[in-house]
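Two complexes come next, and they have one chain in common, chain A, joined by chain B in the first and chain C in the second.
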Partner chain A sequence: MSFVKSFYKTDGFIESIFVGVDNYKRLIQDATIHIAFINTFKLMFYVCVFQVGFGIVLAILVDGIKRGSKFFRTVYFFPIVISATAIGMMFKLFYTYDGGLFNSIILMLNKWIPWLHLESTIWITTKSALRMIALPTVWQYIGFYFVIVLTAIKQIPRYLYESAYLDGINGFSKTIYITLPLIKNQIITCFILAITGTLKVFDMALVITEGGPLNQSQILGLYMYQKAFIDNRFGYGAAISVLIVVLGLSISLLVNKVFKKEDITY
Partner chain B sequence: MKKQWRVLSIFIIVIMVMTMVVGCGSNEKQTDSKKTGDNTDKESTSKVELRIVTMFGGTDPSTEVFEQSLKDYMDQYPNVTIKNESMTAVGDEFRTKVKTDFATGNEPDVTFFFTGADAVGIINAGKVMPYEEIWTKYPNVGKAITDGVKESMREEDNKIYALPMTGFYEGLFVNKALFEQHNLALPTTWEHLLKAVDVFRANDIVPFAGPIAQSHYMIEHFILSQAGAEGHKDVLDGDLPQDWIQGLNNMKDLYEKKAFAADALTMDIELAQNLFKQEKAAMILEGSWFIGGCEDALKDKMTVMPMPVAPDGKMDATSIVAGYSTGYYISRKAYDDETKQKAVVDLVEFLTSADQIKAIATANGGTPSANVQVEGLPALATEGHQMAAKAKTLNMPIDSRLTPEAFNYIVKDGVPYIVEGQRTPEEVLKEVKNLNQ
Partner chain C sequence: MDVNIKKRRKIVSYIILSLFSLTTIYPMVWIFQNSLKTSNDVIKSSFSLPTSLFLDNFGKAMIRLNILRGYGNSLIISGVVVGAVIFFGALAAYALARHVFKGNKLVRTLVMGSLLIPVFATILPVFEMMSRLKLIDQHVGVILPQIAGNLPFTILVISSFMENIPKELEEAGVMEGCNIWHIFQKIIVPISKPAFATTAIFTFLWSYNDLFTSLIIMRTKAKMPINVLLTEISSQYGTDYGLMCAVIVLIIMPVLIFYLLAQRQIVEGMTAGAIKG
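Up next is the complex of A and B:
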């Protein structure tokens, strides 16, 4: 349906004119799409490195403890059940220049330690805006990958570790040479989920920055929403959504090719 | 297996026959009640559920009054249940919700929505009723609304689709107390405005609470103050208007003079309003609805005035942006539904009665669309009404004349880039002109 709409200039109501590939031509020339495209890849990078990365590290650490693993599982998983809009609003209030949490802490510290000369900071700038969106996005879904990886680690038979211990292996080597290779397939799945998930992100950016300032935190999902639903350009919005789908499929195939899944039997 | 299918078929047929019998029975009952000539129409009418979407929800100052109106209506018409899906119109979500509802065939029975460019798609699609058609059968709908106001609601096809409750005006809201405290003259002229910017900035007070990325009101007023009422009405179908270019440059000048908050580039309207409400900012460009959200103590310190005329500006010093830009629409789907028609018309008749208009005008400080005396208004609201009465020209906002995409381009891809020196007003307006075609 979106694919068909992408060949029309339509406001989503009665006006619908066939324009051929005009929307795709505009897609190529649109400066904001270029920014959104690059930012989406940057966000993918942050998500893959920090979201999946922290998920793996935390899962390995929690696997190593004898007590309290259920507690950590609940704590890390908890942000996922909160809506992204609510988290976005919370972080927006953290970043607010006047009366925001971060600046209130800075002003409080300045009262206690005046010689540090701390001053209120503008947290969302043209340079930092994307990172300010990445922070809550990464934080929210760490628990998701943590649970997937932890479940995978728990599947590894204990006797493999026991025999390795007899050979004198330490904790770090155990992780590098036994745990990680044995959960490789699940890690690849995590990367694919993280990458395709990034293409869907729009609510966090909408609430925190609306893509600004100066479109510097614009991402594909948000731009598609703004064009279709705010500017009433459903045809162009549909063309952006086609781009998102093509991008998602291509990257997933690429990741699958680069990191070939292997059949691992214990 | 065959036997099982036979039993199942018989079972389905029995259920269908029973359903038909029950359905017919219900019809008979209704006919009976009509035959008795019972005069209690409201009680004998079958239950009707209506869906209404308005902007009197969330943080809107009229929310409480509106919710009470719906309760009163349901008390008066116990056969009608109203599902209220109202939400505040701040931001773009309200527009999006209404347009999406209409686009997907899920239109509310009654909608309180914008007129002009926002309603073009809905009107062209024939999704809402022209009141001329409704008045032939129900002449009392919107009777309280004055004829002049009704005339101002005519759309391009010369028909009225929306009945307004209150009009609005926009203006420069000023914290008089802060001006007095710093021995400053009120910003009635551009010189006074610039002086106030310098003094407030030196005293760590934000001169203008203006969100650059949501600069809808600022765009209106800076262009009006430079281009005047006629120039403000430009729809960009000729050469690029030089006054608009200058108006946008005036905004850039003030930005460079640090007239706005340090985080003006990223703040939204609510944060800007909070700066003013907390008396951390001395001026804000807002609409009449802003009064309803201010504390009484602050209202006593405030005044409202037209935007001062820009240097070499063509604006008459009394000109403002004002008018009636919202109203009640009745969906064609609901009107064509015989079970709903009467209820939906009654509801709009009730909501546009003189009492309801007065109640909403009292809550939001807007100009009532009916000839009613709004009592107990704060002095600030009265000043606002006087400002509107004295104005030689009243202009509708620019976004009622440009397409949403074209106007949003000025707001999101124009002003932030202009004030940061990354695009010129000429470049922005050229693109706006393309998008508006």
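Up next is the complex of A and C:
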């Protein structure tokens, strides 16, 4: 349906004229689409490195301790159940110039260690806007990957570690040579979930920057929403949504192909 | 290994883990303590604890901004969605898991496939359909797409649970003279309760937290669910920090309480579902 729509020029969506591939021609030339496209890939990069990365590190650390692992699990997971809208709004308050959490921390540090000369910052600028969206997006779901990885680690039989200890292995190389290779499959799953999840980011961008300033933090989903429902360009919005679907499917296929899952037997 | 090194390593682990848990807990505390202050006090010192119990922000949110009606709208929408999704999901899952019929595999593949399609791809045709049916700005207009969106996941979870119910139970039922409907009602449904609980929790969370669909369908403030109301409020009162904090507290409170009550089921269900899906 969306695909068919994308061949029409529709204003206000009641009247529509067949325009063939015009919408796609426009798509290729649209500078904002280019920004949105690149931003989406940047987000995917942040999500893979920091979200999954922190998730793995935290899970390995929790695996090494005895007390409190339940507490950490509960606490790390709970941002996930809160709506991205509320989290986005929260971070918007953190970014405010006067009285925002981040500038308050800076002012406090300034009082304690004056020689650092820290000053209040304007957090959302054309340069930083995308990172300001990425921060809460990444932060919210770290706990999710943490739990997946932790579950995987707990399934590794203990005797593997015990025999490694006899061979004189220590903590760090234990992680590199035993833990990580054995949970490779779950880590790949995490990457796939994180990458495909990035295409669904919408609320956070809408609430924090609305794609601005100057479209610098535009992402595909948000841009499609603005074109179709605010500018009433349904045909063009449909073309963008086709792009999103194609992108999503091809990325999933690619990731699946590049990281073929292997059967791991203990 | 040297005992001292081991100990030191453990202490470092605890420090890092606690630091991260601080980043998930403190933001909530900050929002909560600032919801009890006037906007000026927030600007002056956002760290200080509120000096008096200043409940004006909550009062304002309740009365002037009609947060309660927002709650009501959210509950109507999420409640109906959860009910319908469980009902249809259970029926579909039963048919798929326990009965051999032509096209069973095809339906399964379609259900699996529809998990891959993001909401952005379907929203335009859905919007057109809803406006033809005159359901724009109606609760039903949000409820129907949300039911459709949550069904695939629900069917998958419930049917994979039902597949593991031993066949003998049904056979015994047939011997006792049950028809299909009786078997479903008296044997399958009671056993599958844990799967229903898990999917009901998720459907509720996703529906309560949804912004995209409701943003597009709902137009009048009086009918908006709470998330959309939040974006409306922020464009009007965005500079009243105390009020904004209060509204955020009101929105996340029910979910947080819900999470603490059903914590185990949520964490395990969500991660298990993710790995399967």
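Definition applied: the second predicted complex is superposed on the first by the 245 of 266 C-alpha atoms of A that agree within 3 Å, B and C clash if a C-alpha of one lies under 4 Å from a C-alpha of the other, contacts with A are read in each partner's own complex, and residues count from 1 in each chain.
Assume contacts are C-beta pairs under 8 Å (C-beta built on N, C-alpha and C of every residue); 3 or more make two chains touch, one makes a residue touch a chain.
Just so it is clear, the model here is predicted, and its values are computed rather than measured.
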(request) After lining both complexes up on chain A, report clash or fit for chain B versus chain C. (result) clash
(request) Return first, second, both or neither, reflecting whether A:Thr32 touches chain B, chain C, both chains, or no partner chain. (result) first
(message) Just checking: does A:Thr96 make contact with chain B only, chain C only, both, or neither of them? Give me first, second, both or neither.
(response) both
(request) Could you say whether A:Pro79 touches chain B, chain C, both of them, or neither, answering first, second, both or neither? (result) second
(request) May I ask you to decide whether A:Phe202 touches chain B, chain C, both, or neither, giving the answer as first, second, both or neither? (result) second
(message) Contact-wise, after the overlay, does A:Leu214 reach chain B, chain C, both or neither (first, second, both, neither)?
(response) first
(request) Identify the partner contact of A:Thr189: answer first if only chain B is touched, second if only chain C is, both if each is, neither if none is. (result) second
(request) Please name the chain, chain B or chain C, that touches the greater number of residues in chain A. (result) C
(message) By the touch definition at the top of the document, which applies to A:Phe229: first (chain B), second (chain C), both, or neither?
(response) both
(message) In the overlay, one of 23-31, 95-103 or 311-319 from chain B clashes with chain C and the rest don't. Which one?
(response) 95-103
(request) Please write out, lowest number first, the residues of chain A touched by both chain B and chain C across the two complexes. (result) 13, 96, 98-99, 229
(message) Show me the residue ranges of chain B that touch chain A in the complex, using the header's touch definition.
(response) 92, 95-96, 99-100, 102-103, 121-122, 124-125, 127, 212-213, 261-263, 265-268, 271, 274-275, 280, 403-405, 408, 412-413, 416-417, 420, 422
(message) List the residues on chain C that touch chain A in their complex, please.
(response) 1, 9-10, 13-14, 16-17, 20-21, 23-25, 27, 30-31, 34, 42-47, 116-125, 127-128, 205, 208-212, 215-216, 227, 230-231, 234, 241, 244-245, 247-248, 251-252, 255-256, 258-259, 263, 266-267, 270-271, 274-275
(message) Taking the touch rule as given, give the residues of chain A at its contact with chain C in the complex, in rising order.
(response) 1-2, 5, 13, 54, 57-58, 61-62, 64-65, 68, 71-86, 89-90, 92-94, 96, 98-101, 104, 108, 139, 142-144, 147-148, 151, 170-171, 186, 189, 193, 196, 199-200, 202-203, 206-207, 220-221, 224-225, 228-229, 234, 237-238, 240-242, 244-245, 248-249, 252
(message) For a test of understanding, state which residues of chain A touch chain B in their complex under the given definition.
(response) 11-15, 32, 96-99, 120, 122, 124-126, 129, 209-215, 226-227, 229-233
